[in-house]
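Chain lettering (A, B and C) follows the sequence in which the chains are written, and residue indices restart at 1 in each chain.
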Amino acid sequence: MKTTPILEIRGLSKRFGGLVAVSDVNFSIAPGETLGLIGPNGAGKTTLVSLISGSITPTTGDILFEGASIRHLPAFQRARAGIGRTFQIMKPFPGLSVLDNIAVGALFGTSTTAKALQTAREEAREWLELMELQHHADQRADELGGPDRKRLELAKAMAMKPKLLLLDEVMAGLNHAEIDDVIEAIKKVRRTGISVLVIEHVIKVIQRLSDRLLVLHHGQQIIEGKPEEVLEDPRVIEAYLGRRRA
Amino acid sequence: MTLRTKFVLALAATLVLAALPWFAPPTLVQFGIATLLLATLAQGWNIIGGFTGYASFGNSVFFGLGSYGTAIAMVQWQLPFGVGLAFGVLLSVLFALVMGIPVLRLRGHYFAIATLALSQVMTAIVSNLEIAGRNIGLVLPLLNGDALFYELSLAVLVLATLTIFWISRSRFGFGLIAIRENEDAAASMGIDTTRYKVLAFALAGIFSALAGGIHAYWITFIDPVSAFDLSLNVKMIIMTVFGGPGSVLGPVIGAFVLSAISETLSTEVSSVASLFFGMVIVAAVIFMPRGLADLIRRFRKTGWRYFSENVRSHRL
Amino acid sequence: MQLLAQVLVNGVLLGGLYALMALGLALVWGVLNIVNLAHGALIMLGAYVGYYLFTLLDVDPFIALPIAMVVLFCVGYLLQAGILNLIARAAMFNTLLITFGIDVVLTQLAQMLFSADYRTINPGYAGANFMLFGITLPWVRVLAFAVALLLTLAMWLFLLHTRLGRGIRATAQNLGAARLYGVSPKRIYALTFGIGAALAGGAGDLYGVVSQINPYIGATLTAKSFAIAIIGGLESPLGVVVGGIFLGIVESLTALYIGPTFVDVASFGILVLVLIFRPNGLLGSTT
């Protein structure tokens, strides 16, 4: 039996002037699956997320979401189709309260009907509580600390009710205890049955969250497979882990 | 203060303002018309600048198109004032749609400068148009009825303020605020940023054009330099920023307070009034960059430290 | 053909002065991220320094030029150190607004002190010109053009080859970098703004020689300086020279072939088009 993948990337490349940031990448994500994407700095990970979410357009290749090409859709229409994302550099709406930040996700996102602000705030409360942010509901978003900010990013994206969530280095800047904390939060997200693309630097996170792993190096994918196999592969150890563990 | 008390207070203030022509001297009514129109313009700027975060220097173009639309319809085509006003609004909305789409793609300073340049282009184009009386301008039919102009201006201001009240608690308004706070994140959450920005621009255009049309008929004379006067655009910004950008009543209060001060001073010496205006801008930006609305909200808690904290958080 | 050549030469000569006008604005914008709406007012002040030195003390405008630059440097230094440094980290439109406020104050002060009358700096050689290949070249404009280019070149060399110049360029990338050059950011900000104002002062003095001045010329000159900085891009003084000459030629051609009242339509229309299609300037990269 073969189901349509939620996301399929076909021969995707992106060139910036002379620099090839992403080169001929192919992979797919099944419904409910979590795919981990690792690679050293400058491997093209964030570029890949931006290509999928639509903030930049690919040079060649195609992106299929639920079987249909979304290559020519602008970012907001991809969000409406069901692609949610977080940003490596956190992008809350600083002047809005924490609750209203999440409410923006509920107001827009995949929701097609114009709903009242009150309804959106009620929907937002659900993720506010799941992400344990209820004590900060009325605070300004830019007053939140590190891990709270990450959970806010997750809550904002999840309030959109997406089918696919792109997590771009959510752990950046967190310490060990905080990372564990946020991993638990992401597990809650996964329990909703959503498909996830996790982009991460921290191996521990990738190991604990992904069903399958993809390694990117200099914009090219060098291997794809089960986490334990991929992490043992000599090419991966050389390209990425070797230097880190040495 | 609950929303209900605020609403009752605003209604009472509006009724008092509406009754003003029956007991006030004519000079005060005239000052009232000018101030109400400025407040309307400030509210227009509030939509695109305060809520959406786009520092427009093109709003004086809306005012100018409103003025000229009304004047051309009345003088050249002998149409009634109401039709002229609608024509002015139409021109303004068309301008917002046609120019807004390319120009609103620019961000920050670039948007500000593009709109500034557009307003120069429009001044120059209008001063070369036969139908607009070239650089001499147009003389509108005289209507002696300051009370009527006053009530009309007040009605437009109330309409603008109610619209902004609706914006502040609507899905549309949330979209605009999200764009102001972080445009990339807004797009990635499903907000059609281009459409929202253009709509906000057009909405700002409607109110500015209404103010322009009423002003033209009231003054009975328009020329390109005064109709597209850039310093009018700057006044909109100052009044909005002084009162509180992105708030419902801030720009109105800003317009009333600054007009009153400026009027008092200009009866003494006129150039002193402008000088004072310049100094108020400088001082306001340094000491209360988030406007009166924020000052009133936070002053009780922080006291005089409010000002030094503002300076401390923005200085080098 | 002769006429076209003459118009092109006029445009180029005007463009040199335009480049100098825009150079200070581009420097302050590029390094401090301040779009200085008072730039035109600083040019206006420079013009009045030249005017009063000439009428009261009989100082030749080309000799007055360095004095105008020094005076405006001081004005600029004090403005940045005393006022603008206080809002260096404020939101973009607050910076726009405060420089507009400064513009209003300077313009009103100028009107109170110097009156609103039109003035010109009129040295004895003002009407003198010479012919080259049948093209008339007014001495004053040729000299102004040469001085403007020399100052631009000097500015470029200063930024590239002096310690302070490198410090200023480094500050454009990263505020903390100033410290590596042994200067506090506050001082480097004030110095940069001072240099920008000095360039405006020099441009103003030259402007007073080739054109009429009054306290209100600032707004148009600010707008033109923007146009030039945008068309040329903020990256190098060379871009500003290209932008200045480009605008000078466009204005001269428009005035001749379409009509003098369309000059502003052309220059600001081009500015809008450049902003929309090539936001990094005509010479800038396209990405």
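Note that in this section a residue touches a chain if its C-beta (ideal position, glycine included) is under 8 Å from a C-beta of that chain, and two chains touch if they have at least 3 such contacts.
Given the structure is predicted, the values throughout are model-derived calculations rather than measurements.
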When the mean CA coordinate of each chain is compared with the mean CA coordinate of the whole protein, which chain is closest?
B
Most contacted chain pair (by C-beta pair count)
B-C
Farthest chain (mean CA position) relative to subunit C
A
As a quick test, compute the distance in whole Å between the mean CA positions of subunit A and subunit B.
41
With centres defined as the mean C-alpha position, give me the subunit B-subunit C separation in Å.
31
Per the centroid of Cα atoms for each chain, what is the distance between subunit A and subunit C, given in Å?
48
If you look at subunit C, which of its residues touch at least two other chains?
none
Please output the residues of subunit C touching subunit B within their complex, sorted ascending.
29, 35, 83, 85-94, 96-98, 100-105, 107-109, 111-112, 185-186, 189, 219, 223, 226-227, 230, 259, 261-265, 268-269, 271-272, 275-276, 279
Please give the residue numbers of subunit B that touch subunit A in the complex, ascending.
169-171, 174-175, 177-178, 180-182, 184-193, 246
Subunit B residues touching subunit C in their complex are 49, 55, 102-103, 105-106, 108-110, 112-114, 116-118, 120-121, 123-125, 127-128, 135, 230, 234, 237-238, 241, 271, 274-275, 277-282, 285-286, 289, 311, 313-316
Of all residues in subunit A, those that touch subunit B in their complex:
53-55, 74-77, 79-80, 84-85, 87, 91-96, 100, 103-105, 107-111, 114-117, 120, 156-157, 160
